[in-house]
Structures are given as structure tokens and as C-alpha cells.
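Labels for the chains are A, B and C, by order of writing; each one numbers its residues from 1.
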Amino acid sequence: MLRAQDLSVRRGGATVLEGVDLALQPGEVLGVLGPNGAGKSTLLGALCGELETDAGSVTLDERALGQWSGQERARRLAVLPQSSTLSFAFPVAEVVAMGRLPHDTGRVRDAEIVDAALRAADAEHLRGRSYLALSGGERQRVHLARVLAQLWPGGEGQVLLLDEPTSALDPLHQHTTLQAVRDFASQGAAVLVILHDLNLAARYCDRILLLQGGRPHAFGSPDEVLQAEPLRAVFGLDVLIQRHPERGHPLIVAR
Amino acid sequence: MRLSKYLLLCGSLLFSHAAAAADLPQRWVSSGGSLSEWVVRLGGEGKLVGVDTTSLHPQTLRQLPSIGYQRALSAEGVLSLRPDILIGSEEMGPPPVIAQIKAAGIRIETLSAKPDLETLERNVLRLGELLGAPERAREEMAAYRQRLQRQADWVARVREKQQAPRVLMLLGHAGSNVMAAGKDSLAVWLIEHAGGESRTEHSGYKPISNEALLAMDPQVVIFADRSLHGEEARKALLQQNPVLQQTSAARDGRLLTLDPTLLVGGLGPRLPEGLAELSAAFYPSEQALTAKLDR
Amino acid sequence: MGVLLLLAFWLSLALGPVSLPLGDTLLAALRLMGLPIDGEGLQQAELILGQIRLPRSLLGLCVGIVLALSGVAMQGLFRNPLADPGLVGVAGGAALGAAIAIVGGSMIGGLPPALAPYLLSICAFSGGLIVTAVVYRFGRRDGQTNVATMLLAGVALTAMSGAGVGLFTYLADDATLRSLTFWNLGSLNGASYPRLWPLLLVTLGVAIWLPRRASALNALLLGESEARHLGFNVERIKLELVLCTALGVGAAVAAAGLIGFIGLVVPHLMRLLVGPDHRVLLPASLLAGASLLLLADLVARLVLAPAELPIGIVTALIGAPFFLYLLVRGRA
């Protein structure tokens, strides 16, 4: 279990993250929402050890993140960044196979996992293509498959951090991708996902953290957090809250 | 046919090594312009089988296989000429290559390129011995010394009557930027022994600024161009360096051209003639030393 | 690729300005391997093969391997297929070291004779190492190495080294100037065993060590933080890559002068042929780098024989058009 206690991060004198307490629960998808500059990516960076914290601690299974060896940690914690800088013509399958680098499960098992992860991310048909020939959205799904492969098949004790995994996707793939993430979580992994789309968060997240100016503004179930008051306070946006006619989760409509 | 040629080649290689120890070397490779020229002067041109890139005079040497630049020789390249002896200055190299050539049983004769008469005499006499012409070497050397002596006397005599002209030597290549000869260069040695005065302060060959050129105001400019000669070189020089028009040398029409091969690698056999020519140009009113220029 | 290298190696042993009968070459080669063959009439072949061509071919082998592998390492480190081993300043530093040795050495004179023949190599090697260390230092901040800063520092320090070389060029007399020019174009000429051993050791180290980092290099191509998330100690790997390049290129340059093009183009070529996966790319570049260098040296030795061409000219002349051809073909 990944737990953050009283996290705060300062950059150049300004506090960009302060007073964040959270624990990622097995099988749960935690959504992080907030306007630009609210500290969402900073939070993710602090949670995966990429950014140094000025106060507070991050522990994975009661052990400080820094005390894990790189390989051990990589088998438990996978991170999907917003964009990737890969500019070499790897075949898609090889990109996904890089997710297996921390493991030594053998060639055969790795190939099976790569296939399964590609299927999960709906990128199976891209398998033999060159990464450089893909569109932005296709690349994003390939990287999702890569981080899924890194933790595959997913289970209790594993943590997946996703930074806006749907930013480049068409509407259909926004849903298939988040559904894949949900399915993955249902195997027992804890997932934290940064999102911009309030309705996607309402539909796929178990809990939502609403950040404003680096501080948690609201934290709870979608029903608790996605209300007109906090959303106006955080986004400055007037919204109407409805119910999804079939699924019953909140549906947010701008006024 | 090919094979027999190879066999012959190998056979002669082995044989020539054995012969070299007792006999005089028959196949010569020379590295260094003036050394090659001395070999030719002593009647050894027929023995030369290869020369370096600085061996440009006489013209016939350019027909021989070139072993490249004297500081970047190739061991196998030299060996492929099957020489008995390799002569060159202490600049010949690189050292590991020289060691390899030596290990292959080739005699290596290092002759100093220091520009003084004692060194030259030692070199010439040594070449004479190796060529089997010691007598000729002694004669050539005596004549050489004599001519240089006459040259020195002539300059001394003239200097009593006239002031030495300010002389600047420029080295160029087909209109590229020119370099001025400075202290320790053979060019300045030439100027001074021909009775001129060099005012450059730097050593070696360096680019010179227009202002420095004007300040120096040379009365004679000597120009050595590796690819252009005579009137052509003169024109190119003035075109590239219009500031030269402002010097006394250009106003008085005293722009001389010089064969740049004279300047390569120590004191060559043509030096006395070159000096005499320069002297005649420095002091046009005097009776010149050489008949050739006595016009 | 392996066959190509074997062929190149054999050709570089069998051919040279001195034409040896093939039979003699074979027999002499066998004798050098310690087989009891009658040495009668083989002295010449044995000398040329054992003392001139073999050390030279081995030198070419090492230089080609090290330059190509360092190229792969740098292109991986900078995540840029146009990176070149010179980017971290090692070539510029080595050139400055060489200029100091060539020009300064001729000015000072009186060096201990035991040291003098190695002065150039030592200076070039240390020059490369020092400048690379400075470049690396500039890239470090808060315990992390910023590759982009390092790249810019490399450019700046290479320019500074260039200015230093220019200064020494100005101070040099004619003869040393030409030595400097020739050194800048590289040559395998004059290879001998005592000069070969250090490079052989470094090459062995680099050739064994780098392929073990193939996976890390692959991960690094994803991005530094991605590589960290995959469990790699990225800071250490970056240091190791820079160190590898500095040692390898430094030693190669010290032994054979500046030979351009191999480090840039061989990895690029191989990537076009075998793909970007370092597990394949590294061995392929190793073989191709060595082959290309040996063949280039063969041309350098033969084309102007008995003189020879600086090899840097040949590598560029052979490689550049081939590279262009592959680029055009790749686009079509």
C-alpha cells in the first residue's frame, strides 16, 4: 500500500504542494482533479519518488520509498507520465516489453504478458508497427500497455500512477482505457489517476481528491466531491449536477 | 608469370639485404627536399627509387613514387620500394614507423637539417661516401663554400657603400592569404645573407596585418608562390593584398618572385645561385656576381 | 556481420603496399600462431605480417569497436540519433591535449627519452578525460545530471578547446603545424604492440561492459524518469556511459588521432539495419565499426602507396555517401 503523510513540496520558495495525506487502497481507483497548476503532477512526482519532498513521507508497504531498491520498487510501482520522449523506431511490442525489464520471468512468459497488456489497452493491432509511425493517441495506449505489463497481472500490493492517460484519446478510447484501468484495479492493484474530465472521473473513480493551489480542497467519493460548491471554488466554473440516467453517478454540466 | 615476379621480388629482397651490409646501398629513398637535391647533385639520381613530398627539385624527382610527408611515413609503403637505405632529417617520422623500417633491415641515415655550413659539410661528405663518390662530394662542397664566401665578401663590400634595403618575404599559395617570413626561417637567413634586412619580429611563417606591412614599408618584397610563377604571381599578390601598392617596394617596382623549393629542408645546392640572384635584385646598381643576372 | 569483420580483418592482413604471395601470408600467419612450419624464406612475410600489419589491424579493430560503441552510448544517453562521441567534449579535449604535446613538446624539448614517444598519447588521453569531466560536472545539479545542460556544456567546452588548439596552431612552426594537421585526420600508421596494449584493455572493458547495459540503454530511450520507474539507477548509468565514452574515445584518439564519422554513422547505419534495440544494436555496431575502420585503413594504405592517406579522410569519403544513400532509401 502506498501511503503519503503530510506531504509538502516547495519549489524556488513557493509551496506547490502542502498537507496532502492519502493512502491508496488495493482495488481502488483514486482520481486527482484540479485546475492547471493545482499541484496534480507534483503530487504524482512526489508519490513515485521523482520529486524530493520538503516535509512528510511516502511509504510503500510501511517502508520509505527511498529504501526500496530500484528493481524491487519497479515490480510494485509503475508510473505513466503525461508524454514520452521516445524518438527511436522500436516495434510496439518491444516498447511494451520494456515494462518487463524489472522482472526475470523469462522470454515466454514476458511475451504472453506483452500480448495481454496490449489487448487490455486495445492496442493489439498495433503490435508489429513502428512506434514512430503511431499517432499521439496510439502512442499513449502503447505506453499504458507498457506500464500494465510492468505490473501484470496486477494484484494486491501493486501501485499504478497515471498522469492524464486519456489526454490524447478519442472519446471511445477514453472510455476503453479507463475501463481497462478499472479492470486492472479489480485484480487488487491500487491506482491513482490524474484526470481533467470531471465526468470521466465521476464514472471511473472510487474516490476523488480535489486539489487547489497545492492543497487538498475536498477528498471523498464522487458523490461527496463532485458538487457545485467545491467545483465552483476550485475551477471557478458554475455547474449543474445531474444523475447519469443508467448508472446513477453524478453528471456534471456547465451552466 | 605473376608468381615468378613475386619470387624474384622476394629473392632480390633477401639478396639486397645481404649485399647492403658489405656493399654500397643501391636503392635509395630520400626524405627531405635539400637532401634529395644533394643526392642528385652528387650523381645519385639513378639510385633514387622514392622521395618524400618536399623533394620537388629537380622536376624529374616528381616522377618518382612519393612516400608522403616526411613526418608521416608509412612503414610498409617505404618497404614496398625495397630500398637499401632511407635518408632523411631528424624530422623524419613517426618514430615507431622508423623503428619498423629499421627492424626490416633497411639502413637508416639521419642527416641533420640544421642550417649551418659545418652540418651541411658533414652531410654532403657522408652522402658522397654512401654514393661511392667521396671525391665529387669534396669538390662540390669546396666549390659551395667558395661561392658562399664570395657572396659574403660581395655583400660586405656593397654594404660599405650602400644601406641595406628593408626586405620582406611573403609565402603564398595561389592567391590564398600570405604569410610573412620571420626570424629563424630559412627565408630570413637568405635575405640576410643576400645583404638585405628583415624587420619581422615573429618566428616562423605567420600572417601579417596590413598596418604592420605599411609600418614596415619594405623596399623589396620577395614572393614565393607554390603554384603561380613570374608575372602571374605578382599580379595575384597585388590583387589579394592591395595594401602592398602603398609600399616603397611596389612604387619602385621591386616585387621579386622566388622558387619556393629553395626554402624547403635546409641548405640546398642551389643556395649560392639563389643568394646571388637576390643580392643582384637588392643592389641593382652594383656589378652582380652571377653572369646570368648580369644584364 | 561477423563474416564481414573476419573478411575485413583478413584483407587488412593480406593486403598492403608490399605485395606478398598469398601462400606466404598464410604460412607466415600460421607460424605467428605458433604452428611449427618451416620458416625458410618467410622472414620478410613474417616481419611485415607480425610487426607491421598485425598490430595495425588490431589497432584498427580496437579503434573501430570503441568509436562505434561510444557512438551508441552517446546516442542513447542523449536520446538523439545524431549524437556523436565528441559531444561530451572528449574529442575536443584530446585535440587540445595533442596540440599541447605536439607544439609544446617541440618548444620545450628536453623530455626524458622514455616518456617522449608516449607524450602525445598521454596528453591526448588526459585532455579528453579532463574536458569530459568538466562537462559532466557542469551537467550535475542537486545530485542529478542534466543531459541537456551537459550537451550545451560539451558544445561550449569543445569550442574552448578549439580556441586552445587555434592558439597552439598560431604558435606552431611549419613542421609542427603539419604534424598537428595530420594528427587531426587520424592514422593507424606506426602501430606497435607497446602502444596497442592499453587500448586493447580499454576496448575489452568497453566491449564487455556496454552490452551488459543494453537494457538500461533501451529504457533510457523512453526517458530518464521512465527508466527510473523501470528500476534503473539512471544517475549511475549516465556516469558509466560518460566514463565509458571518455575512456574509450580518449584511448582510441590517443592511439590513432581523430577519426571522425565512425562514432556518428556506424550506430545510425546499424539502427537502420537491425533496429534500435541495444541488445542487437551494440553487437552489430561493434562488428560494423571494426569492419568499416579496417576497410577504410586498407584504402588509406593502398590508394596512394607507397605514401598513405590519413584515415579520417577515407572514413568520411566512404561512409558519408553510403549514409546518404541509406537516408534516401529509408525515405522512399
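Keep this in mind: a residue touches a chain if its C-beta (ideal position, glycine included) is under 8 Å from a C-beta of that chain, and two chains touch if they have at least 3 such contacts.
Source: prediction; values computed, not measured.
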| item | value |
| --- | --- |
| Far-end chain from chain A, centres as C-alpha averages | B |
| Pair exhibiting more inter-chain C-beta contacts, B-C or A-C | B-C |
| For chain A paired with chain B, centre-to-centre distance based on mean C-alpha positions, whole Å | 79 |
| Cα-centroid distance, chain B relative to chain C, in whole angstrom | 37 |
| Interchain centroid distance [CA atoms averaged], chain A/chain C, Å | 45 |
| Residues of chain C touching chain A in the complex | 79-81, 215, 218-219, 221-223, 225-226, 228-233, 271, 275-277 |
| Parts of chain A lying in touch with chain C, wherever the complex brings them together | 48-50, 69-75, 77-79, 81, 84-91, 94-95, 98-99, 101-102, 150 |
| For the chain C and chain B complex, residues of the former touching the latter | 16-21, 24, 41, 43-44, 47-48, 51-53, 117, 170, 172-175, 178-179, 182, 187, 189-192, 195, 301, 304-308, 310 |
| Chain C contact footprint on chain B (complex, rising order) | 3, 6-7, 9-10, 13-14, 50, 53, 65-69, 71-81, 91, 94-97, 99-100, 103-104, 184, 203-206 |
